[in-house]
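Contents: one structure, followed by commentary.
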């Protein structure tokens, strides 16, 4: 069953187009995980996250100045190349300026007829953020109702919350297996799973996730797990890289398994649930997005990511962390020197890699491998 | 009237002689470190080719990176204006002209009179110029002139992110160690470079007809990649594209006199 | 070649004096028993003024630019920041600022004075992080307050300036007042706040009026001078002295217009620019003058520190009128200031490039520009957002546009000769002729 | 342009060496390290942890073949049968394509270990300037890597960069260092460290009438600056040692040392073999501990 995730990841467009035919529901593409999916589910609109394709392209040069991150250009390229022409709308929850440009340029040149910019507050550590966001959600709901052609009731919202929470719980249960000595699920497979969740209907994803959960209980992987690695940083769905380092052991004398990540494609996205004890569903959703593991662009004045990262690192017993940064990603660039120092001080070695649309396998392999060797206490060599 | 146009480029210096806007002679010399000599010799070669001598030339027009060194030029014309004029001369229906030389890449949007409307110049990236293929040829241990034709033998497309010419070289070395066929690597190299050039062209807009001049236009592999990246079937390449800017410079002068 | 009379601005000496005094004050703050505050030039500094007349500011952007003027010093700062682990593509003001802390040098001589607290705002990805990291680099004991102003565009680009958006910003200001009382142990003086609040609006209103005068042909001010004048709004918008200086400047410029005094005596054609210039290379403006070109300003110099209203129907900008009367309560003052600043033209492009394109087009048309020269500024993510779309939009609207790449605060990313070549090609295509000196 | 030169100035002379005082026949353990780099390949043969023989040659476009050639060249004139080798480790770019290797270890680990051997156990910071990358490595008293940095997507300040440059100026690469000091006064270093743009800049300087040696000096110091930014980022701890081909280039190294105010450690060994030495030593350690190949 676990292969299903990869299938969904690789055939996202086919799935989404079929979904429309099948259900007659509308699909809205979102650019950043600060988009409240609960509200879209409440309106029977499928929210799908737009990621890049990791193929070099030459269509975005006229639209985005070269100093912005390769990810936002890769994302925009998907729109300009017409890969998402079936969308009924696009939206973004305010976070970084880079990705926002992919949204604004898409809006200008490929507007599907419905688009919305949600001013998600940046000052998430202020008590004023939640009330403000609730008001913003009210404006968003009006706009969504126009698209959905139906009113959204509190019960609809509660159902949206329910399905999203269930999906989050299911993924967290699967992550539990990654704490094992020899994890029955690789980092590559886990990345396929979390990304597949972006691309599919939660109500169809959920049963598969539950089934996988059952399978994993008895699944044994015939591979040496090697070093336990954590990935931290910018948007990352670079499966080619993750697979490359997880198969190093087949070719080299050192290997590793990615046991946990702190990316907006994984834990930053799904780790936190909506508190169902809060009566007002809008307020509950707002609190979830204000209190979730933040993107560094919102993580001030306190740098709350440090403790959250350390907790994950300890819970999943990592040997080392690879800090991954999209080239030009300012928010992460401003955090990385402090995160590295903090982790080193807490006994977790780190290594830094700068990602582009495609990874240069050769140079990246040797860097990663050499880092793994420094983690390896192979005294026999000395 | 007889006008000579000289383009003193980073790699080669090219001279043409025009009689009443018809090309009657050409000459090309490696620029090397001594531009003055290269300028003199290229002009000499062009005159010889035209079968006339220096005194027959009414006026001289200069362009190119070393245009300041063309001492007896009556006018100096910037490359962008020269290439625009040349494209219009070769193909009046031209609206976009790109010039890819050894260390420069340019794209110009022109009107029906060959006037410059908008232009883009490849900013500080050797991956968008001929020098790139030369560097890669070395890494591949292939002859420069073999590189282009090889592309046509390959049907694979390997994504290559050419940020820096020399770093791309280590990607190439990686591919070599991975036992990738030379033809496929060469195609990857040309695609990567073409994609840089196409990015630049898209900045000013892809308007037909498209004319390409400059030495790299002689590389069939590159032109093939360029058409694929631009998603168009025809890129017009004049005979002796390397002389494009020189011809343009001469025409600008002819127009002014 | 000269066709207009010209003369230097009378207020130059005063401008120099005010600027030097500002940086001196920050240095000597403690000797005067005052408080040192660091923050962004975009910060709502007026709010801090309720702590007393002896709150002395330093603003990161102008300070970073001052570092960039001194290239060896800047090189030290940038290297120090890079060696600490900060990426080379981060905001170059910020890297100069962090480098200045790491190296411990003040660009105006002596050691860098340590701020007592940091007070800033957040609109681009970097503003909040800038001072979060600055405080950490200072030893982690400098308290920080950041006001989030990322609440969306203002009319006509949004149906209305929603009350809750203004409230969100105003409420953060209110919270910050309690916070400041706590960390400084001072009692907050609302009267001083109202006064500062009014100075802020007066100053940013006056600046817009000064910019309006540059519609005149010949232009009384060239952008190179505008940079040295607009900086006061970037240093401290709430300063009474600066507000008065702008009022004097307004009179002088009105007089120049009356008498037909030109900034550039051989004005043949007019351009506008975009984003901060490469500060180490302002000589490019002199180079443009050799083509008889005057740069009349930009949305950056007009709209970062000047307050305007955009009139969609007439595609025109006019200075935003002052509120009828001064605020009477703390809440009112916060609301007034929030509402005033949220209409800042340089905030609007953060939500959609179209808005900026329209305002730039309005300047190009109404300030009678023949062309637009855009600086693709690698040094500032915030003002480069959507810049490529601005270029396309301006071309669509029939403007002649040229771009060049550079960096406002890191000279290794600017190439003077190749930029001058670009100018030549572009200006020639406009049919201009270079005038031999 | 390089392609027009009849002579290839970047070609450095390939070499091999054999220790005259050692008879391999007497050795208990024979181990080999083979470093297939992007530009050069080395094979090192060790007898009981002593350096017995090595070779240093250019890498071809086929790494197994390059490894094979390096080993043959290294064993040349020793009459040692390959079967005598107890253990062999491959390292460098082509490490996974070394047919005779029992396992592979990265050049980072091998260079640290190798530097520890050829420079002595005091070495704490190793700078390896290889063909296409430049590594700054911090290691402990055992020659074990503590941490390391590699240059990013840019080849400025690598051996390859210097080769391209030597070619452009038609100066044999081995003479570059010497000649860069034959200048009346130290010129401004070229501003562009990008290999391709340094070429353009150098061409411009020559056209302006600079002497070739002055241009060499300018480029050498530009390269030194570039390398310094890398080692400053990792922090320099004494003792400081340099491996790789560029260690042989006085022009860069002495300027670099002057700038950071350090004396580099000295060695009589060929600095290019450090990686292969490290690999051979790791092999030796494994065999000693009975972790070697089952015979």
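Brief remarks on what is shown
Every chain is named by a letter (A, B, C and D) in the order it is written, and numbering of its residues begins at 1.
We take it that contacts are C-beta pairs under 8 Å (C-beta built on N, C-alpha and C of every residue); 3 or more make two chains touch, one makes a residue touch a chain.
This is a predicted model, so every value here is computed, not measured.
Contact with chain A and chain D alike is made by B, C.
By number of C-beta pairs in contact, A-B leads when A-B and C-D are compared.
The distance from the centre of chain B to the centre of chain C, each centre being the mean of the chain's C-alpha atoms, comes to 42 Å. Chain centres here are Cα averages; for chain C and chain D they lie 51 Å apart.
Centroid to centroid, with C-alpha atoms defining each point, chain A and chain C lie 36 Å apart. Chain contacts: chain B has residues 124, 163, 167, 170, 173-174, 177 touching two or more partner chains.
In chain D, the residues that reach two or more other chains under the touch definition are 93, 133, 153. Across the assembly, chain A contributes 61-62, 356, 360, 362-363 as residues in contact with two or more other chains. Viewed as a network of touching protein chains, the structure reduces to a complete graph with every chain in contact with every other. Taken together, the chain A residues at the contact with chain B in this complex read 54-59, 61-62, 356-358, 360-363. On the side of chain A, the complex with chain C involves touching residues 61-65, 67-68, 94, 96-98, 100-101, 104-105, 107-108, 117, 119, 121-123, 126-129, 131-132, 135-136, 139, 296-298, 300-301, 303, 325, 327-328, 330-331, 333-338, 340.
Remark: chain D residues 1-4, 38, 60-63, 93-94, 97, 132-133, 153-156, 158, 160-161, 164, 194-197, 199-200, 203, 206-207 touch chain B in the complex.
Considering their complex, residues 191, 229, 232-233 of chain D touch chain C. Contact residues of chain B toward chain A in the complex are 159-161, 163, 167, 170-171, 173-174, 177, 192, 195-196, 198-200, 202-203, 205, 229.
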